[in-house]
Structure formats: C-alpha cells, structure tokens
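Two complexes, one shared chain (chain A), two partners (chain B, chain C).
This part shows the complex of A and B:
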C-alpha cells in the first residue's frame, strides 16, 4: 500500500501555471452610444485553455460588495462568451455596456485549471471591471466606490 | 494465527518471504532511481527568409523540464543548438547551448555558452533571528536581531563563443573555454552592490557596481573592464509622478585585443542630461549629450486625446538634423498612422494602416526612408512594408517584408505550433515542477 501511495505521488505532477486578465478595470462615461471596451486573457501554459466569460454587476448591500445578476436598465453585449485560448498566446474579448445610471459591470473569466490530485475540477476566475459614470470618466472608479461606501 | 506462525517457520516459505522482500526493495529502488514519466507537449517552429537564414526547431515541455533543439543554415553555414533547462531547488539550470547574459547597471555581458549555466535569485526579505540554546551552543539564546537578505547569482562554465542567430534558430561558433559569475547583493533595502567576473582565453571581464536608491532618487556607479576595455560610468536620477530627470557620465577606454595587456588607444567620455514629464493629455522630453567625438540634442512633445495621438520630435546630432511629426488614430481593431519627416533639407510623407484581431493581423505601410549607405542622390527611397499574421487553434503563421540597408526588399515567413504528444516524457529526478516559469526563448 505504501508503495502504491509512493507511486501515485511520484506520477502526479502539479503544473505551475499563471493566467492573466488585463486591464483590471476601465473607466467610461455614460452617453447615447454604448460604452465599448475590451479585455485580454493570456494563457501562459503550453496547453490549450478553455475560457468562459460571465457578466455580473457590482452592488453595495449594507456597505459590502455583492456580485449579482445584471440589473434592469443595464445591457451588456459580448461578442464571444467563450473561447479556447491557444498555448502561450492571448485572446481579446470585446464588449459593449449601456447603463441608465452609474454602474459597475464585472466580467468574470473562468479558466479550467485541470484537476487536483483528488480528482476535483479546478476553475480559476479572474475579473475585469468597467466603471461607468454619467458625468465624467475621470476618477469614476474612486467616486463610485466612495458612493457605494466601499472606501 | 498458529497456521501463520507455522507458515513463517517453514524454511520453504522463508525463502519466498525473502524473495518478496527483495522484490519490494527492488520496486522501491526503481521508484527512487528510475525517472518518472508524464505527458509532454511539443512546440514546433520554423521559417524561411531571404536575409536571416532558413531553419527551425522544437521545444519539448516535459513534466519538469524543457528540452530545446534548433538548427538551420545562415550565410551558407550550418548552425545548431541543443539545451536542457530545469529548476533544481532555487536554481535555474541550463545544460547545453544557452545564450547567457549578465547585466550590471549600464553594462551587459553576453556569453553564448555551450556548457552549464546556473541562476539563483532570492528576493529581498527580512526575518527575526531567534536562537534556541542547544547542548553544543549555550552562549547566545533568544532574539538576536533582524536578518535581511536578497541576492542573485549567475554562474556559467564551458565553451564560450560567438552566437549565430536568426528568428528560427541559433548556434554557437568559434567556441573556447571560459567561465564567469555575476553576484548582486542587496545590503539594505536601498543599497545594492554587485560584481561580474568572467574569463575566456582572449577576453577578461571584471566589473564592480554600487547602487543607492530611495523612493525618488537613485545614484549608481560602475567600473572595471568589459572584455578587456576599461569602462567607468556614473548616473544620478530623480523621478516623481509627473516629472523626472537624469544625468550621467561615462568613460570608455578601448584597447587592442592583447591577452594579458590593456593598451589604451582611444578614450571617449560621454556626458548626458535628460528631463521628461507628463500631465493629463500631454507629455514631453528633452535630452542633450556631449562627448569628445560628437554633441547632440533631442526634443519630443506629444498629446493624446482618446483615439487620436500626435507627436512632434526634433533631433540634432553634429551637422545632421531631422524633424518628425507623427499622427496616429487608434480604434478597437484598426490603427492609422501618418508622419511627416524633414531630414537634411528633404521632406517626406509616410502613411500606414493596420488591423488586429484574434485570428488575423495585417499592417501595411508606405514610407520614404533615408539610406545612408546609398549614394547621396539615391539616399531617399520609397518603401512598401507589409506584415501579415494568421492564427488558427494552436498554429500561428506570419509573413513580413523587411528593407535592408541597400534599400532592397527582403521577405521572411515563419510559423509555430503546439501539440500534445502521446509519448510519456521522462522527468528529471530531483528537479522541481517549476520549469514552466523558465523564460521562453
């Protein structure tokens, strides 16, 4: 039995990988046209990496950040909601966001990270956020966080 | 239970038990000695060119190592390289052909080595030193202070020569025995000292450096012999959020290539000063340099408003001067650029366009360039440059045109692909699984 455990430990390799999503946030102004943005998902491993994108909206509930479904009045269009990123390469995801009032839309990029030694699937979620303000794009993130009581 | 005792006491069964024990020991020995195997990934790359050789190579990503092979023909000479890279504890180890480089301040020592190269980097960190009394050591016990350490060590040894490289492969030629090391130590969080020592049959390098750095200011100095040439350099700089400046002075004494002797035949001293800044949509920089051979200055002003960017530059060096106005428009996938150049009394207009997407990349430019090697009447030539790139799944292909100094169009095509191999690749015993963080070449 000890030999089997030793053999299992010897044959199970842990691959050190580092995926990247950028930019972490974008700031924009709410206008007549929807806000256009993009973020990049980078696969630094040597294996193809499936990626799924989910759009969430950030709200403050009792002074705590809560990621939930998109609120009425917020429209998000994603050109691609999933992709397979080639080894050692990257992929750009384009999006459009329309809000009626100040909003924070977060795009969660879920990347399959293989299985752990116990056989459980691991998925890594990294995010890129769009902060939209009705008056000006400058310092929109800081002002939104202050208004939400998150600073 | 009695039956079991009886079996164990049976001499025939004792023989079977020892055989089982020896088989068990053999299996444990094989597990410890024999390499582990894991699924590998192979990266294939190759290309052809009318100016930088034809060749290719492959990289095998094993469970805890990278194996590199590349070969090709450049200028009618065959060149090849083979290397194995892996991590062993804190050490990044390269065995075979590696383009090893050691940097220290403004100095850069490139050592294409066919042998072994070792790199160890430990980031600056502090810990509390608490000594526990033992039977052997009872004099000092308890907290003795904070111990901080941060250093990086580079070592190489083997055959050192000149490198023959193209975008698709590289090789080492005219190699002779050599060895060297570079060590940089952070004495405090602000003060770093370092040394570079290297020996080959014809050239010797011995450089020392010191660097003092705070949040906004940095002063550094280097001195010594870089491949038999005496060099001294000092630099001071200051930087804030919107403004920065630097000043430096460097002296280079060039010597003939005599082993064991340093004979100065030429001495050049360069002084330089620069200031740069940026606020809101605007940015600018200015610099001047002066030496006993030449003097020069440059001025650069720019502004950026969303998708629109404009930049004006002016360069003066001796009797030559040039002015450049660049306008760039950039959208999600498209980019357009126009620039007007006035150099040595001649004005030219250039423009280009590009498109970048996940699958396809294209850039086309029409330029009038100055070729100093051509006769004066033909020095300005119209040049069309094209770059195309295509990616499908794990495969990428690219084709580009390049203009050589004789104003002739050259071409280059290349591509690479990643493939999982059904073969089980051997693992290096004792190596850590961090080989994938090795810098890709």
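This part shows the complex of A and C:
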C-alpha cells in the first residue's frame, strides 16, 4: 500500500502542466464582414489553468517568419483575452479578424508551466494561426507561405 | 367578466416574482460547443521545477514533452527564452545576464549544450532577442527526418532540458549570494 501511495504522489509531481491548442492553422476568406474564428485551449492537468491570449501578425523579413505586432489595416477583436480553464477541461476562444489584404494573425495562448519561488518559473506558449486570403480560403496557408517565401 | 378573470390570473402567474424565480431555479440548459479542431499541438513540462545547485551551477533535468497533429508543414521548433537579456535571473538588485546561462538539451533528433542564452532569432511571438537559448528542432526525428511539407504530420518529442551557469567556479565569486529567480518561457512554433 505504501508503494502504491508513493507511486501516486510521484505521478502527480511529475506532470506539472500540459496544454493543447487547436486548430493550429485555420484558413479563411477576407470579406466585407470580419472573419470569425475560434480556437480551443485544453487543460489536461488536475489544476485550474489561467490562460492569457495575445494576438500577433506574421510577416516575412528576409525570407524569415517574424511574428510581430498587428499591422495597420488589421483589426482583431478577441472576446476574451484571458480565462481560467478548469481541470481536465477546455475553453473555446472566439475572435474576429479584419484585414485589408492577405494576412496571417496568430493567437498565442500562454500559461504557467510551474511556479517556483526559489528558482525558475516556467511559462508555456502555444499558437493558433488564421491565414486569410482575399480571393479564396482554399489553400490560403500554402499560397501565403509561398508568397512570403516561407516554403 | 369570466374572461377578464382568466386573463388576470394568467397575468399574475406570468409576472409575479415568485413565478420567475421558480422558473429560473428549475431550469437547466445544457449547451454544447463544438470546435472543429483539425490540427493541434500539445506542450507540457515534467520533472519538477528548475533549480540551480549552488555548488555546480547547473540545474536538475526537466522535460518538455510536445506532440502534434498537423497538416503539411516544414518545421516544428521549440524556443526557450528568459524575460530579459540583462537580468535573466535576479535576487534583489543583483542580476545574472542571459549570456551567462546555457541550456543543455537532448531531443530525438538534436542535442546541444554550452551555447549562451543570448541568441537573437528575430522570430517575434514574444521570444526575446538577446535572451533566447538554442532553438530545438523537435520536428526532426532520431533518423534525421524532417516534417512532411506535403502530407500530414503526427508525432511527438520529449526534450530533456537543463540549464547551467557558464564558467561557474569563477563567475560565482563575482555575484552575491541569494536565491536567484527568473522566468523561462517556451513556445512551439510551426507555420
């Protein structure tokens, strides 16, 4: 019995944090109305997980991807920029994006990967990107990456 | 008159506060939200916290575990970084710069050690230039394989990870004693 209890404690101690984000990629068409999208953040731990969301925009600089601040002409509306995801649960984040031309908006989901007052805190981030094209949503990601020279 | 009485009773039943309260407490609405998740990435840490050993200047090992279910992609990389190039770790006014710290890592397809965490990848996404440790190519398999740019990519990688203070025997004589704390961030980037 002692061994069993020790094993259980060890297991709880080993898995400090885990988050899943999806979809990682979403394709859409730029229209008169803002593009509506959503992504899901899953907390697979047994603890409540505070999550913060940040929006970035992908650009290609010298053929390299750079995720920076939103560019002029891009408007992002995020219904919730933070939330606490219940243990073994998930949370959907809804957003709207308006772009004047083809764009890639990335949503970063950040959470604590373990607090340590005597050492190093760890923070984990994952991303969900919306690839938006003015002509069609089909293969927008592939076409955008190619146009940016990121293939 | 009968009709008026019936209407009055109906109105009372509908609008008295008690009737509303009863309706609210007795109702339960279940809402299902369905999100079409066609791709996903999971990132987790295990192995406890990162703590420096005061005699060796190295931390214990932790593990970053990542798994992915993606369509075509060309790279899946793990970036780790500190919050500040000049103050990666601090205790009061004393700081240890990121250039004095290095990450040692081992993933299925790549490994590294000794490179200072003052790298500048210019990738954005909060990854701080001048405070970044070596980028880890988690999408590279143990056989050297890389992600499939034309097909689906499903996989996982466990990265053993630790930190060390460079030239610790000499460096420790130049810094004050104390509990140095800081934040190490990690992100998986795939485009």
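Assorted remarks:
Rule of thumb we're sticking to: the second predicted complex is superposed on the first by the 132 of 151 C-alpha atoms of A that agree within 3 Å, B and C clash if a C-alpha of one lies under 4 Å from a C-alpha of the other, contacts with A are read in each partner's own complex, and residues count from 1 in each chain.
The rule is simple: a contact is a pair of C-beta atoms (placed from the backbone, for glycine too) under 8 Å apart; a residue touches a chain by one contact, two chains touch by 3 or more.
Here the structure is a predicted model, which is why all the values come from computation and not from measurement.
When both complexes are overlaid on chain A, the residue A:54 reaches chain C alone and has no touch with chain B.
In the superposition on chain A, contact is made by A:46 with chain B only, not with chain C.
Chain A is touched at more residues by one of its partners, and among chain B and chain C that partner is C. When the two structures are aligned on the shared chain, A:20 is found in touch with chain C, with no touch to chain B.
Of the two partner chains, chain B and chain C are each touched by A:92. Of the two partner chains placed by superposition, only chain B is touched by A:36; chain C is not. Once the two complexes are overlaid on the shared chain, A:120 sits against chain C while remaining clear of chain B. In the overlay built on the shared chain, the residue A:64 is in contact with chain C alone; chain B does not reach it. Within the superposed three-chain model, A:74 lies out of touch with both chain B and chain C [touch as defined at top]. Residues 13-18, 38, 44, 92 of chain A touch chain B in one complex and chain C in the other. Remark: chain C residues 33, 35-52, 59, 62, 65, 68-72, 74, 89, 122-126, 149, 163, 179, 181-191 touch chain A in the complex.
Those residues of chain A whose C-beta lies close enough to touch chain C in the complex are 13-25, 38-40, 42, 44, 54, 56, 58, 61, 64-68, 92, 104, 106, 108, 110, 113-114, 116-127, 129, 142, 145, 150-151.
Of all residues in chain B, only 24, 27-28, 31, 36-38, 41, 43, 61, 63-64, 332, 357-358, 391, 393-394, 396, 418, 420, 427, 433-434, 436-437, 440 touch chain A in the complex they form. Here chain A touches chain B in the complex through residues 3, 6-7, 10-11, 13-18, 36, 38, 44-48, 83-84, 86-89, 91-92, 94, going by the rule given at the top.
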